[in-house]
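In the two complexes below, chain A is the common chain; its partner is chain B in one and chain C in the other.
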Partner chain A sequence: MRLEDFWHPVALSQSIEPRSSAGTRLLDQELVVWRDNSGVAHVWEDRCPHRGMKLSFGFVRGDHIACLYHGWQYNSGGRCQYIPAHPALDVPKTIKVPVYPAHERHGMIWTTLSENPATMPEHDEMVVPLRSLYLGCAFDAAVAALNSVRLAPFASQAQAETTVSGVNDTLVAVSCGQDRILAGVQAISKTRTALHLSLSGPAERYLGAGQNHFNEWALRLRHAAEHARAAYATPDQDVA
Partner chain B sequence: MPAGLVLYNYELDESCYKVRLALSLLGLQWQAVAVDVFPGKEHLSPPFLALNPSGRLPILRDGDLVLHGTEAIIAHLARAHDPTCKWLPVQGSEFAEVMRWLIFAAHDLGVTIAARRHSLFGASGNEQSLRATSSLAIRIMDDHMTARGFAQEEWFAAGHPTIADIALFPAFALSRDFGIDHDEYPALRRWARRFRALPGFKTMPGIPDYH
Partner chain C sequence: MTHESARFVFKGSFRTKSFVEFAQHRAERLGLDLQFGQAGVEAIAVNVSGAVELVDAFEMACSLGPLDCFVLDVVRHGGDLAA
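What follows is the complex of A and B.
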């Protein structure tokens, strides 16, 4: 299997509020992740077919996203519905933005570039969002970084070993005692990878103090990944 | 001597924008005097050097007071013209947190101003290094707002917006001018959406009117 065939998370669910959009990249493909008024998440190619403007610079109204340049409006299927400069025009069906599948699992929005994707697992855990980390390294190195920093338990005081196990190709569980962090791995490019982190469990256990506790782990992990990289790699040029 | 508030202003300068934001969010009336910074360099002419020997905008005149230094100006506006004391809280840790982020804006975010001047106005500098340092400074802000989110807090320094948020907003909102996208700063994206919804919010060139 190639990275292109996998489902990848492209954002934490909480990071994309209703009526908002954000840009990201998956294997160098520019994507817009947006959420309509009713709360449904969408993942599209981040390019208006009119002038190539990024749709992530645009604005969401109702179940439409509109391009910032000339206001062309697209419905949730990616089809252009309305061109403000030609209000009477019956917009041709061929004006369409490529649309990717979008599913929410484990507090993350998932998509795939595959034309024949594996079925998205139905299983969805109750989670509390932690944060996303953006690392200047390849997919494999980001997965390896999850092994680099031990977890301190939060839900119980008892000391416990940190164990790291793959749930599937792009989802890794980091566990310690009763605590379990789910890390979704997004291959942004060959040299850049995001880890989207959720805490498995109910809100009353982790909101606030628990999130702070595991945020410290996440920041140490990021530091370790960047420090390791600085020690034996050339300076990262892919910072933007 | 004109009465009231006079801002010596350049529309494309993000520091002038901070002051315009503060004036507007505080609901104040002011008069703007347009200064031909690019390409005229009028801010470096003797009359302006008499007002600010450092040769930088913005400059604010408030009655007899002539003030330069962006963060000093917005702090003065809040202290002198906000009877609610919300924009510059005077009590305890909120005052300290506002000062911390004002100084961060004036010091650490200086590199974002240099990066933008390099990209837009051809000022000297190394693009790679300006961009790398700018993205690290913006990441410090995103990390802070991530942690604030765990405490259900929505603003940088207090339970409500302060001049710290005003001082920090332009560097993030204009970051695409110097090649830094918003993709990797989810906590700042949410904060910027809230900031844009404040009564009196204004855009400047480089910040979309619609979002």
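What follows is the complex of A and C.
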């Protein structure tokens, strides 16, 4: 399968608060991730059809997002509902933003660019958000780094082996003793990758000290991934 | 909402296929009915109908045109206004 066919995480759920939006990129496609007042997450093309302004700079009002530039308002289906300069206009349904499917699993917001996406797995679990990590390396190098950086246990002090397993194509579980980190891998471009990291388990176990403990692991992971990047990407592929 | 039928003649320097595709795309996006009249390398005529605000938007979009065309003048024959 190609990367385009996968479901990718595009943000930690915690990072996108209700009534807020953020821009990201998936396989060089610019996306806006936004959450409406009722808490539902949306992933759209990050471009107002009017003048091309990024919708991620816009305002979320109720279940609408409005472009910063001229205030065109789009409903949760991506259809333009209101143009402030022409308040009486019945806006044609052809004025709409391309919308991608959005689901939340493992404390992350997931989407796919595929026109025929595989079914999103229903399985979910209780997690504590760790952080998102942006790497200057390709998707494969990020996955290789996940397989190479040893984890120190937090929940139990006993030494234990680090084991790595793929939950699916873009979700990797790194385990050590009682601890399990879920790493969602987002292919931003051929040379840039994001990891969205969650800790599997209850908040009372990991909030605070546990997050700090695994944050150090995350920084070592980034160093390992970027140190090995020459093996996975050529400089002329870099776009950002 | 007021509807309008208008006839535009875009004058300038055109790659006809490019401008026609551009105008079709903009009309489709704006929900307008579009019919082409004579289309040459120096002038292209189109008939458009729909909401008056969106006919105005169509004129604005096409007066800029695609990158490989150069619109020097737009002649608009407004018309048959119907509520």
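Annotations
By our rule, the second predicted complex is superposed on the first by the 228 of 240 C-alpha atoms of A that agree within 3 Å, B and C clash if a C-alpha of one lies under 4 Å from a C-alpha of the other, contacts with A are read in each partner's own complex, and residues count from 1 in each chain.
Criterion: a contact is a pair of C-beta atoms (placed from the backbone, for glycine too) under 8 Å apart; a residue touches a chain by one contact, two chains touch by 3 or more.
Because the structure is predicted, anything quoted here is derived from the model rather than measured.
With both structures placed on the common chain, the touch criterion links A:Leu68 to chain B but leaves chain C unconnected. Counting residues of chain A touched by each partner, chain B versus chain C, the larger count belongs to B.
Of the two partner chains placed around the shared chain by superposition, chain B is the only one that A:Ser132 touches, whereas chain C remains out of contact. In the superposition on chain A, no contact is made by A:Ala141 with either chain B or chain C. When the two structures are aligned on the shared chain, A:Pro49 is found in touch with chain C, with no touch to chain B. Contact with chain C, but none with chain B, is seen for A:Thr94 once the two complexes are overlaid on the shared chain. Of the two partner chains, chain B is the only one that A:Phe57 touches; chain C does not reach it. Legend: residue contacts after superposition of the two complexes on their common chain; A:Ser15 is shown touching chain B, with no touch to chain C.
In the complex of the two chains, the chain A residues touching chain B come out as 11-12, 15, 17, 20, 22-25, 57-59, 66, 68, 131-132, 134, 194, 207-208, 211-212, 215, 219, 237, 239-240.
Remark: chain B residues 128, 131-132, 135, 143, 146-147, 150-152, 179-184, 186-187, 189-190, 193, 208, 210-211 touch chain A in the complex. Every residue of chain A that touches chain C in the complex is listed here, in rising order: 49, 83, 86, 88-90, 92-95.
Only residues 1, 28-31, 50-51, 53-54 of chain C touch chain A when the two sit together in their complex.
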